[in-house]
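All remarks here apply to the structure that follows.
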Amino acid sequence: MNKTISLVAALMMVSGSVAAQTFDEAFNAQRGMNGKGHSFTFEGKSYTTDHPEEVAAAAPANAANAKQLLADAKAQYAKALEVDFGWTLTKGLLSSANKALDAGEFRKSMELSARAQYHSRMGVAQYHQSQQEWLMAVPN
Amino acid sequence: MMNRRSVLKAVFTGGLVAGMGVLMPRVALAAWSKAAFQAESQEAAMGALYSAEPSASAQVTMKAPDIAENGAVVPVSVKSSLAGVTSIAIFVANNPQPLAAQFNIPEGTMADVSCRIRMGKTSQVTAVVTTASGEFSASKEVKVTIGGCGG
Amino acid sequence: MKIIKSLLAGASLALVASITQAATSGNTLASVDPEADRLALQSFFQKRFPQVPVDDYVNGIYALDAGSREQWEEIEEFPPYEFDVEEGEVLFNTPFANGKSYADCFANEGVGIRQNFPRWDESQGKVVTLESAINQCREANGEKKLGWKKGKIAQISAYMAYTSRDNVFDVQIPNDGAKAAYLDGKQSFYTRRGQLNMSCANCHVAGSNVLIRADLPGPALGHVTHFPVFRSKWGNLGTLHRRYAGCQSNVRGVSQKAQGEKLSNLEFFQTYMSNGLVVNGPGARK
Amino acid sequence: MAKGILRAKAKAKGDNTVVKIMAKHAMETGNRKDKSGNKIPAQFIQTLSVAHNGKTVMEANMGAAVSKNPYLAFTFVGGAKGDELQMTWTENTGASATETAKIK
């Protein structure tokens, strides 16, 4: 019993120095506490709390990069829809990203694409996670 | 679409029997008061209908929910044990036009009416009953909340 | 401090318990037991709201929320769906161009049969809801399909429900095909969707005693017995699949196709959960 | 006869008659806008009067704050099963009609 308590406590009180079980857990905890643009160490290495999409969106703002990001985001959205786990705001983000691209606002377009891509990646992740976890919600 | 069509149809068929209305005996009851219904404050609406401010009375009872399920359809019932009630009116203080409805109660009809009203937001709802000896009222606050699930 | 500790212990126990359960039952075709699921859901609600009789759950949220119930009873004095039932009856009895009518497509000429839907159709290999049976009937007689969410289809469905009031829901799961559809619906019900990461069950089972702003969510037991519903919010009558779409986009998920396989299976599961309760549709809701 | 917009449930109970009436009507307030942003003109039932044997038993004056599909319930002394009620409604547009219902 004590063991379980301390495990849960560790999970709940995770901080930069306390090791979580996996990188994802550590990342999520850090992101949750500090938001983006924060650095932390995990098993001796240094990482930032930025999502991969945010890292991509930080690339130089130009037409080629903005176009590429938008295409990536659209492809990711298609994947989310394929597993039936699209999110409602994604479509609007994509169309705003498209408009910003046309208007030459590359930085804005890239940030919108990044958000759309993140939503879609999470939708797909949600699909996979749900396959494993849905039964936990069934009353017995 | 269908709503409008059946309404139009009713209007059309209604035209044929509208003449009958003229033949029906009319009693002297308060007509639809433009000044009262279009008034934008409760004072103005009451002023258009009554000569004096209604006084609160325990003999007027109003049934209205504490929290409205949906502001678009709020059931309200008004009842009075006062003698000789000739009119019942319902006011929603915070509506754009506070007077919601006014009922003429001829002799032989009970002072007990129910209807459903719209409320834009949380407001004091007041029922006013008219008798030979003046106006009497009851009021209560009805909360209008934002629903949890839009759907 | 002590309080926090015991809270943590509780949380860890719950976590462990649900994982153990997940490992064992109800998520495969071999282990899923619809009747056990139904009884488990009933007992869940009976434990949570011991004062509410099971039969009362057909009234949805009004079984639990006294303040709302009073207003609803006022509305039911002269419910707004009466016009729709009337129009549904006219539509139902209007012959198609070929001279046939809806009555020719259904058992007992379509009267008093709501409780048998949705049903597993072996020849089509899928769940057929009442609304999809209505459209199949139209197509078989050379008529165009009706839109799924509101208008005529909801009115016809409302009339058919009205003629079936007080009949007891009796959804059958005759074979493995039906069982697979049931399981799929069950999984959908408990699967988190959308940006808010919520499942049907989050609100309508586990969250059934938690306010969402000022509202309690309707309990999952008896959830579908009163459809189609006239929602004051809509200002008109709508089908169950219209409501599903609304729920799914409320949690910021792209909603699934009305009368598609997924939602039909979900309806199949949910209606099975209400087996033994009576048809009381159409209903009036806030 | 084509059905009008009113539905009535009138029941004789002892010496009294309980009347419940609902009208199928949108009760447009004039404050709403359509999808293209144009104001939807006000169109609502302004008066509804009910007569039994030629005697008015209720006269309702309504504003735009009465709900869609307006509902009205009241009780009057008298009335017997089989009697007819005459119900006359008038819209703010001037349209009007008289419909009837039987007491049950």
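By letter and in written order, the chains are A, B, C and D; residue numbering begins at 1 in each of them.
Basically, a contact is a pair of C-beta atoms (placed from the backbone, for glycine too) under 8 Å apart; a residue touches a chain by one contact, two chains touch by 3 or more.
Not measured: the values here are computed from a predicted model.
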Labels of chains that are neighbours to subunit B and to subunit D: C
Comparison of C-D and A-C by number of C-beta pairs in contact, larger one: A-C
For subunit C paired with subunit D, centre-to-centre distance based on mean C-alpha positions, whole Å: 34
Averaged-CA centre spacing for the pair subunit C and subunit A, given as whole angstrom: 34
Computed distance of Cα centres, subunit B from subunit A, in Å: 55
Residues of subunit D whose C-beta touches two or more other chains: 24, 68, 71, 73
In subunit A, residues with contacts to at least two other chains: none
Multi-chain contact sites of subunit C, meaning residues that touch two or more partners: 77, 80, 235, 249
Arrangement of touching chains [line / ring / star / complete / other]: other
Touching pairs among all chains present in the structure: A-C, B-C, B-D, C-D
Residues of subunit B touching subunit D in the complex: 3-4, 6-7, 9-11, 13-15, 17-18, 20-21, 24-27, 29-33, 37, 72-74, 77, 92, 95-97, 99-106, 108-110, 112-119
Subunit C contact footprint on subunit B (complex, rising order): 2, 65-70, 72-75, 77, 114, 116, 145-151
Subunit C partner contacts - residues on subunit A that touch it in the complex: 1, 4-5, 7-9, 12, 81, 84-91, 119, 122, 126, 129-130, 133-140
Complex interface listing, subunit C residues touching subunit A: 5, 8-9, 11-13, 15-16, 18-19, 21-22, 25-27, 37, 40-41, 44, 186-187, 190-195, 197, 199, 201-202, 205-206, 249, 252-254, 256, 262
Contacting residues of subunit C [partner subunit D, same complex]: 77-78, 80, 82-83, 86, 235
